[in-house]
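Sharing a structure with you now.
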């Protein structure tokens, strides 16, 4: 499997927050086909837990993207926090393309003669570009995370992967998965694999991003272990310290189960727009990092 | 039992958010008397779980209403989001009536020579009117939901009902009930039975309201099943898509247990005021809907 | 053990929200030494559950204080809600002292020639004063709570104590502890032991504070029991009714486990600043109160 081609494929699938079933179905097929001896747990709505062997760490990537849902009178409500450019077009799950317009309050409306049912969902139109050592596409957030975990599954004897839903909007997926991870599989350590914002402190191309703080605070003892693994294996990394934003780590944080969490990702330019950009070196470093962390499965934590 | 008379009775009981014990006691008596072979679980503070037979779906209605609690210096703090009209009066749990006044910042104060202890709670004064095919009263939200579930209990061999508390304010009831529903009774599907706001998109008299989105996103796969039941049984319905507001579904959404949820309700004019109005046809359609959904208990989901 | 000396010692330990490991290590040593036959559960990150005998009520005090964490370009992000005075200095975990400055948007920056790593944490400089019947120090919130629970442990045959983390910032400690309290130790009643704000309604020196409402609503039935214990034992108390603020009770409130909670504390002047002040009589009354409540362990609730 070519990593970049796989990311392009994943970015083309319509899966706005809360309505991820098409991508989930695709992934069920892929895992059943390529990792036939893994267990696929589909208990949770639009969520997959895939496990093989005796892993000790779960890696989590969210399936959902930002998007829109049709309310009344052609008004679109955001699913997550989409960033719209001047000429952004949208499409339905059936690839029907529509124009949109906004009023002065930044409300968005469909510009279309066709009538859609309330609740119809829309996403950005796929457009994938590879240029020098970067890739640009809508929905790199977080199809790059999923692609890395698919590669990890192909190359590992022991792994535990969760593909979550609703991360961009209102959660509800990882709260429920945490119970199964802890009570059924005795998993106590987790790594959120995701993109994060390119800011004054976090730069595209400067290596993987380990978060020390967002709206939540990751587990002090587990962040310390992960930081040591990055240092020991000479993986370039940057420490993120922010006041806002959160990840699927928030839902583990608030869950009743004693699963430590941390966030490990890569910087993404133009995040949540149709032109998200990531650096391919960062991507490869992130794969190395999760691969090393997954190896500690073999030893006692 | 006459449905409308029962709603009137329920609307007259003082049960502001967080202080629902009088209504809970009344309902314990009613269920013990009229459904003697049902199990009544009182584990959770001001919350009832009532079950008979082998149901597969739980129906949830909240007991609490909006109201006020006395702070210091005659200041009233809101419990939930009460809407006050110009001449609104309030009463205590002992039916002592008081006038209130507001300052320019919309803070409310008691106008009374009597001294009340800190923490005394107040609700709107009961005043029930049936007019053509509508009823008007404070606290139709959500005594109509409770009344429908009482009727369901009278007419069903198998049912699971939850009367929750704290829904209008800060939750804490359904998070705890979810555990018992899933771990003890293996319930995996839920329907929130409640009122919702009359808006440009949701009209009183236009049938039951199935929510596709509020602040949270109900389970895609379960909403699809419920929508099919409404269509197959020719129940008039309207799809709600909103950015704000939430229901007891939010607490199931965030719970660790894999219980799918959806919201099924009716439009309510002047919601959270002393003059809430609902349509009686809507009410009957909602009863039909939950009755049909409860019947799928008998088959495999 | 002298209560006041112990509070001074605890106030001197660096433990900002999310980074409490130094205080947690100190307490592990203390409990192992002075209460050798108690069980110390360290499952949860930076959190201790200490139990002896067959207690029925858990008492909870948080270990973390407000503080700061270094972001990029000398900018400090708050951990919790610290109140800074004009000449406030800070220190690192290694007692390195630094000056700070603020811009017009109340952002704080390090004024130091030394370079610190991203994520370095800072707290107020210890300065403990006993004056008449008050004590003044940074971090009385909530080292006084911990000190009272240490004394309770020394003097009780049966007790259950939790030292939590992250209370000032983003939670994540008590959600996880609730599961162990309920599932392993069958604890169904809890008391949050903490400081609260000195306001127009709650006065330093007027006795212990029993909360009827903050952002959350404590369990009606359990508050009623605790209030009766205070009255029966002639402990001076004041009832708190607020719209904002919350405590570790919030995390029990939202947890799946049927643990009733209430808040019992003392008023603290200049809360979250380097000059927090509490009244020693209040402190002694609070100890009496928790001691009486702990005694109901011996009877049926």
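Per-chain numbering from 1; labels A, B and C assigned in written order.
Going forward, a contact is a pair of C-beta atoms (placed from the backbone, for glycine too) under 8 Å apart; a residue touches a chain by one contact, two chains touch by 3 or more.
This one's a predicted model, so the numbers in the text were calculated from it and none came from an experiment.
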> How would the chain A/chain C interface be labelled, same or different, where same requires over half of its residue numbers to be shared?
Replying inline: different
>> Quick check for you: after a Cα superposition of chain B on chain C, what is the rotation angle, between 0 and 180°, in steps of 5?
In response: 120
> Per the centroid of Cα atoms for each chain, what is the distance between chain A and chain C, given in Å?
Replying inline: 36
> chain B: which residues touch two or more other chains?
Replying inline: 254-257
> Tell me, which parts of chain B touch chain A in their complex?
Replying inline: 200-201, 212-213, 215-217, 219-222, 239, 241-243, 253-258, 260
> Which residues of chain B touch chain C in their complex?
Replying inline: 17-21, 43-46, 69-73, 77-79, 117-119, 166, 169-172, 175-176, 178-179, 254-257
